[in-house]
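In order of appearance the chains are A, B and C, and numbering begins at 1 in each one.
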Amino acid sequence: MIVDYTLIAESLPVMLKGIGITFQLLFISGFLGLILAIFLLLMRLSGKWYLSFPAQVYIYIFRGTPILVQIFIIYYGLPQFGFIRSSIFWPILREPMGCAIVALSLNTGAYVSEILRGGVLAVGKGLIEAGSALGMSAYQKFVYITAPIATRIALPAYSNDVISLLKSTALASTITIADMTGIARTIVANTYAPYEIFISLAIVYLIFTFILQKSFGYLEQYLGRYTKREE
Amino acid sequence: MSEHSKKNLIQMKNVDKYFGEFQALKNINLEVQRKERIVICGPSGSGKSTLIRCLNRLEKHNKGQVYIDGKELTDQIKDINAVRREVGMVFQSFNLFPHMTVVKNLMVAQQLVRKISKADAKQSAMHFLERVKIPEQANKYPIQLSGGQQQRVAIARALCMKPKIMLFDEPTSALDPEMINEVLEVMVDLANDGMTMICVTHEMGFARSVADRIIFMDLGEIVEESKPSEFFDNPKNERTKNFLQQILTH
Amino acid sequence: MAALNGWWDDYFWGAFVIFQVFFCSLGFMIIFGLLGAIAKLSGNKVAHRVANAYTVAFRGTPEILVILLMYFGAAIFLTSVAQIFNPEAKFIDIPPFWAGTIAISLIVGSYATETFRGAFLGVNPGSIEAAKALGMSDVQTFIYIRIPEMWRIALPPFGNHMLSLIKDTALISIIGLNETMFVAKQAITVTGKPFTMYIVVGAIYLGFSTVVTLSVMGLEKFGERTTVGAK
């Protein structure tokens, strides 16, 4: 089998044009998803059933169904309803990018809230008791003790989720978005060279994954500096 | 009810505590006066920790009343944190905040709970670090200190809140033998300075030399309560005698 | 809701396809995962490198890309092989079912490699020593001591892998697998109710997820009977 290197050389720049879209999807959805995750986490931790239960149901549904289905429901499904089409959200939900970002945010929010919850539960009970014994309020204990420690504990799992999110952005190509995968699929359809195109695209994603992992590695080291004995 | 007219700093009346079906405390009656040093001892599961944890409401008693400095401990939140400011606790597993330096550990509650300024909090922190004889460790993280040092920091952290009462929950049980003394020394110092303290411990030497009263607990009840001399030389109850035999013959 | 009349049996068969993909991919996933774990745990440098390349490649590449690559790439590969023998040979297809199943097995298998590797390492070394002292052979130790304990440790994350397999099945619809997403697409052209149709897809997947989650919980309880002692 001959590898058509000229094809790769010609196609890569074209595919990389989609980087902007991929990054937008990754960072905007990641950010919105994180905010949503914190809300869901607080609802779960509130102890009040009318907050905790809806949050649990939400998380259960969004973690139990494929993200592709969620994307399709939002992009293809919502326009079915008149009240959606005439609502203030319509300008966002009409656009493929808007739908993709909404779907990815809703999805990653569910996963990340569970990851954060795992971190919170892993904070040693004794530390919270020490805070109580010192007279700290519930808010103070959460902000000064639980949150910093939980963040450090949850970071590895969170970094995995960010990488998952990067991979999920490729699904935007199924709703006509011209991200890197979308462009690649068009090229393959024209040139019938799936190996060259898809493998070189995969390598691009791998490079991004590597960069993300390294970055999170540095962050983990920085946050974990109080866990090392030696100065 | 004026706090000054109450002679008893701590009062427990007919206190029961259940964990589900299991009764951890049975009809506890206890009075502690200012400047008294109480040691509570007894076998595992006798309820010693549970008793002192009811005094700062880390555990909630089910029946009876608990009074700290005249205030009754109930479910009203304002009361609880106001009481906790006055009651310092030292834990068996130290529970220092791992993500803060030693000096920050001592400052954080002063700033957040007693609303003390950062500068004053730091001054107070360094003062108490000197008191427990490790001022040079101020900027280290807890993990870099030995067990004995960590526990001394924990004591300093509680003292920074200027509590009226200090509770010690088996403070030396998690320490290697060679570090127990450095912690006991600090506690003896504290006692000599007039701090009201209740100490759950197995260290009988400490009990004999420091305590005004020793309380022996078994199966959730206070079985015997007396001065050290009487307690060790002339125990009245069979269970107390058995316990002392087991503890003192090794 | 009336729109769904007449489509229930199509959905049923679509769900059956999900079921089939699950069982086939489950088997392959376990095989790939175990092979990868054993390769990483062996002292063999080459095996180590190959296993590492495997995990890095499949954990960093978007699932949709792997599926597309497997489907189109395999078709091209088989066609060119066939043309060696018969120049007249036309396009040779590999059924979407197998392309997709192998693809998702490879992907989730790369995660399973880490899970199994961690679980093998988590087996109590004391138990191994005891087995050796009793004269058990390496093979016997592996089968009767290592594997059962490894499974108990691996079970929670393995449950997540099974959920991933189920959800990734939806992606195989992109290459034409006749499961529920595909059914929905057809139903929409007839009924014009995209939301309804895709919600049913979501509900079917949620149903599968729930069954898997409950089964894993049950298995965990069963496994715990040997570790949760009397108080």
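Everything below uses one rule, namely that a contact is a pair of C-beta atoms (placed from the backbone, for glycine too) under 8 Å apart; a residue touches a chain by one contact, two chains touch by 3 or more.
Fair warning: this is a prediction, and the values are worked out from it, not measured in the lab.
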*Chain closest to the middle, measuring from C-alpha centroids that were averaged per chain*: A
*For the pairs A-C and A-B, output the one whose chains share more C-beta pairs in contact.*
A-C
*Tell me which chain's centre, taken as the mean of its C-alpha atoms, is farthest from chain A.*
B
*Report the inter-chain centroid distance for chain B and chain C in whole angstrom, where each centroid is the mean of the CA atoms.*
55
*For chain A and chain C, what's the span in angstrom between their mean Cα positions?*
22
*Approximately how many whole Å separate the CA-defined centres of chain A and chain B?*
47
_chain B residues touching chain A - in the complex, by the definition given at the top_ = 56, 58, 81-82, 84-85, 87-89, 91, 93, 95-100, 108-109, 112-113, 140-144, 154, 157-158, 161
_Residues of chain C defined as touching chain A within the complex_ = 56-57, 59-66, 68-69, 72-73, 76-77, 80, 163, 166-171, 173-174, 181, 184, 188, 192-199, 201-202, 205-206, 209-210, 213
_Residue numbers on chain A that touch chain B, as the complex places them_ = 124, 126-127, 129-137, 140, 144-145, 148-149, 152, 225-231
*Which of the residues in chain A end up touching chain C in this complex?*
1, 61, 63-70, 72-73, 76-81, 163, 166-171, 173-174, 181, 184-185, 188, 192, 194-195, 198-199, 201-202, 205-206, 209-210
